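Shared chain: chain A. Partners: chain B in the first complex, chain C in the second.
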Partner chain A sequence: MNVAKRMVNAAVRSRSYATMYVPPASLENVVVRRQTPKRTPESPNFYTGRAAYFDQVNALELALQHTRSALQTLQLLPLPSFVRESIPPGHHVWLTKLGLTEMLNAPLTTSRYRRLLGLLNQLDNYRRIAEVAGVEGLASRVADVLEIFERENKEAFLARGKRKPVEFDEYGRSYTVGRRKESAARVWAIAVQKQTPDAPSASTEDQPLDPLPQLTPTITSAMGDSPLPPTEITSTNVLINNIPLSQFFPLPADRERVVRPLKIAGLVGAYNIFALVRGGGTTGQSGAISLGIAKALAAHVPDVEPLLRRAKLLRRDPRMAERKKTGRAKARKAYTWVKR
Partner chain B sequence: MSLSRVRLCLAAVARSSRRTPCIAASARHLSTLEAEKKPLETQEEWTNFQLKREEYQSLIDYFSAYGSTQTRNNTFQPHHSLHRPPAPSNVTLSALMASGAHFGHSQSLMNPNFMPYAYGVRAGITVIDLDHTLPLLRRAANVVRGVAAKGGTIVFVGTRPDLRPIVRKAAERVGERVYHVGEKWLPGTLTNKIVMFGAEAAKSEQVVPDLVILLNPIPNVHAIRECAIEHVPTIGIIDSNVDPRIVMYPIPANDENTRTAELIAGVLSIAGREGVALYGEERAKRAIRTERLQRNREQMPERR
Partner chain C sequence: MRSSRVLAEQLSTASRCTIPRVRQTRGYAQAKKTPAAKHQSQGFKGNKNKGDDARKKLKVDNVGLFKPLPVNQLTDPVFKSDYRSSLTLPTYSPEALTDAAIGLAMEFPMSENEAIRAYGVPKNLLIEFRVLSKPCSVVRDVTLKAVDTLDAAGMTPSRDTRLIMTGPSGCGKSYLLLQTVEYATHNNWIVLYIPRAIQLVNSSTTYVYDPRTRTYHQPEYSYQLLRRFLSVNSTALQNITSREDLPLGDHTIPAGSPLTELVEAGIHNKDLASVVLSALMSELSQQSTYPVLLAVDDAQALYGYSSYRDPHYRTLMAQHLSIPRLLLEYASGKKSFPRGAFFGAASTAHTSFLMPLEMCEALGLPPSRPTSPYTPRSPDMVSYAQGLRNFPVPAQLSINEAAALFDVWMSDNALHSGEVRQNGELVAAPNDELFMTKYCEASGNARAFVWKGLLSTLGSL
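Our next item is the complex of A and B:
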């Protein structure tokens, strides 16, 4: 029986063994080519499947560790609550999820993105502590690390929604815009230049006043106390559409409205105003010019801004003409009610 | 780019002598107790704040010399279990017991295949026999050393939040050709490598590791299964509710305890570091040998 089986086996050469047993004799002619060992993966996070992301997380955690130990050595951590309040709040503008995805070349989900942001915010906290305490070296190094993750147009982003600062040109003129109702005014304000005492003045300023007459011979006059030299009083020239104020606005109410910001700020005679106004009627135009002048004064003399704000001169009056509605004669006026 | 930059930037940060944490904390508390608790505004105030704290600390340091002889270095600190693990030859039964490795799960949940490694039952809990654990831990350490000495790749897997720093530290300690997985092991990492890592990486790089060490095998059944399919030897911390046959070299111990995981991962990482050093030596020897052979070959035709 066994002999028969062996003969059959010998005949059938293409027999596969279940245990992959290879007879040693058949290996004698095999040439073993030594393979060059394959390159091993670089990142220690390779087997997470998200190497780039976890590398970044590990790097940030390491940075946090080092910064924390440095601050502890400098006795800046842990901070008591009353000290923490004296640290100014942080304005950080990190990259968006898309931006970080591009930077890391790895897909980022919201949870992973939030985790990165958490680490960045913590590091930013430490940076602010170091900055406020005056440890500039550490603060700058941490800022260098954080800069990689900040948005490019950080300043523009932080300044969004805020009013643009008024710029002055090479002659020191400010350019501001005021609007009221349907009018828009463009206002240029320039500081009045005081004439030097030596040069004779050829401007339209007032002549220096004559010295006050001595009314009664008093002790002071006997002592030889002469009155003070006269102060030079300058005046504000207001030109609207190249026309002086008095001509452009015949009504005193409108004139008063235009000059009010200067009066409240106490800067009458300090600035010359040139305005171009368009649209609307007298009230609208005078209101627009007033707002433009108030903004210009706030730009020239920042100390005056709270005064103007309290006087509500820096507020663009939002009241506009209400529209006429159907079924009514005017915006509110209704037609005569008829019983039948 | 960012990694190296971070390391360069902060590698030079002041690392002065460390202070005992509890005394330092009390010093800071004392120094700020009496103060009026006004918010600090100027740079001077900040500097004074720091100096005051430093004064208290220096006072304590000065008088510490006259007290007990225990210093930060020669007393146990909580971070030593992670940063100063014992070498494989120095692991003792009492160290394992101190880390709580002998606590198994409930008696009713005990896996019948775990019986050889169970010492008994106490208070309804299976007690793991550390007389078995210790030699098995040493055996696992030998395996790690052997794999590293032959230039093999090792992966530490610990997917709980408390195991994350442990696997990271263990990988750092071994140094070369070692990886760690602290978050979820994605199914298909080994069996679906082309989709996971790309065709180029799957072809040019060695994706399948030479050894996988699992600190919590129960949530990582996918990893164990993939290792079995790809014929990767595994080492794992096996608790009493787990069948020890799922990994190749089981280490029966408590898988829920952080200190136990720190101890075991630390021991294995030190063995791995030794193996890497051996591999380096072997390569250096081989390089010298080949250089000598080349020189002899160059000289031989000249002689002839």
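Our next item is the complex of A and C:
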């Protein structure tokens, strides 16, 4: 019975030519359902449920595909292993999982994040190959793509743990800090300006009568007969707490320690030094100033850095005063041993 | 020749004011050391009978440092007695002091009556002259300035030219004063040079109260000063005649006699030396044939308290002693030479005789201690200091002057840095790096450059 009814209903429903008569009274209670047109989803990955993620994955895989084919066309792929090893390593700082989540506006699990990272690393490898090979256009386009996925503070992140480069102000002064034992010195170094020799002032006397005709010399010497102009020797002025060096450090050993970086670099007379030093005693203060001057010279003249490094002048002396221990008079000194 | 040697020995053995035994070459042809002659000193002398000879030998020279050993005692090859060299420098003379001479080292001519021999030099200069093979100095731009000031002062009363050379320690004030003194002596000036005014006030010489002048005379010092004055200025003194009679105890020196007689009277009798000295100065203040230079090193010691005590154990001020008072009167302009000048040099060597506040204010220098308008200032000192002019000596040597100084020490084989191996032995080869580093370490200060820098460095590079 049900089967027959079902069959009839089905037949009725499928018959498009036959209109169903509906009495008007029953049409009053009918609720007309709005027919929303079916829209096509924006992304073909809509039905995955994680459209944003899969869109990115697809885009990256497409980029990878294109880059791979371009490199293959340029015969840069596949590379022999020794070439691959010689390419300099990449320094990449991708967004964190949280960052990527924010970018995609979709939750991201760890395994999906790692899949994305894998694709990015692969793309970065191709970029490095293109860069080393000199294919600037391809490398820059790939870099543009990858930049979207990099952290904002990439430079700062890569430079973490490294010494900040010394900066020069508008007058060309460097500012460095040196420390030794309990002393700290702040050192400003500025290059000594040579005074330009004044042009010989034009004589106010009248021209002498009829200058003699200039004779062209037949004998020429390679060096010329005129004496060499005297070289102007500049001297380094060292001011410590606004006091000249000889007054601040009476001991010759301290003075020599302060000037040693300049001497070893061969730059005595090239730079003027102003230092503010505080803490500790004479040896600590002179050592701190010496380190500050060495760092300043390494900043002004980078060629000199290996010399100073080999002379151990760029090393902050780590030796500090040893603490006093209980049961001892000083750090090492023991009390007199008593037999009983 | 013989008589001059005897005179030199007498001068050296009997003096408290030392004469440097400076020679032309270091130890060559040195006269054999004669034992010290008996010196007669007056005044209080304790332990009269104990160890006189040993004491006298010790008292030959106050400064016993850096005296060169004779060559015949230095037989070991390490002393290299065969390789002794002597400096060859142009002679310091008034004609040689031109603008081209700035930055040149010049040696002082050591004639018999030279001011350096007769009057002596300050202690640190003495040591340098002993170490060097010849006494010399570098002519600086301030030398020419001082010498020009002196020339201008030769026509004006000394009241108009009263200078004190000031500057930081080791900048060359004593050397400058010595150069001025040498210039004056070779320019026919009458020069009275007191290289160590500290010895007037540090209670090292005898003193006796004189009720007539109500000051304390220093007979021994006056005697020595007169002898040296005579030896340096004898030719000039012979041409000057005294204008007033001078009664001296049993005899009188009449007016119109040459001043050499006056001075010799003081030399023959030590008791009269102080009186003769003051008479001599008053005679010189009345003549205008020769300009007179009164040069005092350590001049700040005259302004303030001395180390002497009166019978009530009160400290005497320097102005209560006759010779310092005389110098102060000329320094303040209360007395004046018709032609001449007063040149003083401040010294930083003695911390017990620092420049007092009154002198600092007169010269326009910052005082050593913080002061206020309520700090007491002695009116006597203010009057003795008024009118003094500051003659600042630059704290830094210029590079050329320092280079000349470096050359002097290098030529004298005094430097030990920059050793290089030559023929199997280490030979010092000083170079420009040594010069530049030591100049930088010394901040241009002359004494720090030579003594702390070049001679005291332990670095061999």
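Please note the rule applied: the second predicted complex is superposed on the first by the 257 of 340 C-alpha atoms of A that agree within 3 Å, B and C clash if a C-alpha of one lies under 4 Å from a C-alpha of the other, contacts with A are read in each partner's own complex, and residues count from 1 in each chain.
The definition used in the following text is that a residue touches a chain if its C-beta (ideal position, glycine included) is under 8 Å from a C-beta of that chain, and two chains touch if they have at least 3 such contacts.
In this text, all values refer to a predicted model and were calculated from it rather than measured experimentally.
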item: Touched partner set for A:262, first chain B, second chain C, both or neither; value: second
item: Touching partner for A:246 - first (chain B), second (chain C), both, neither; value: second
item: Chain B versus chain C as contact partner of A:282, first or second or both or neither; value: neither
item: First, second, both or neither for A:125, with chain B first and chain C second; value: neither
item: Which of chain B and chain C A:195 touches, first, second, both or neither; value: neither
item: Which of chain B and chain C A:236 touches, first, second, both or neither; value: second
item: Partner chain in contact with A:63 - chain B first, chain C second, else both or neither; value: first
item: Greater chain A contact set [chain C / chain B]; value: B
item: Doubly contacted residues of chain A, that is, touched by chain B and again by chain C; value: none
item: Interface residues, chain A side, partner chain C - complex; value: 233, 235-238, 244-247, 252-253, 255-256, 258-259, 262-263, 266, 268-269
item: Residues of chain C defined as touching chain A within the complex; value: 168, 395, 399, 433, 436-437, 439-445, 448, 452-453, 456-459, 461
item: In the complex with chain B, residue positions of chain A that touch it; value: 37-41, 43-49, 54-56, 58-60, 62-63, 66-67, 69-70, 72-76, 78, 80, 82-83, 85-86, 132-134, 138, 141-142, 144-145, 148
item: Residues of chain B touching chain A in the complex; value: 2-3, 5-7, 9-11, 13-16, 24-25, 28, 32, 37-41, 43, 46-47, 49-50, 53-54, 57, 151, 153, 155, 157, 168, 171-172, 177-183, 185-186, 189, 196-197, 201, 204-207, 209
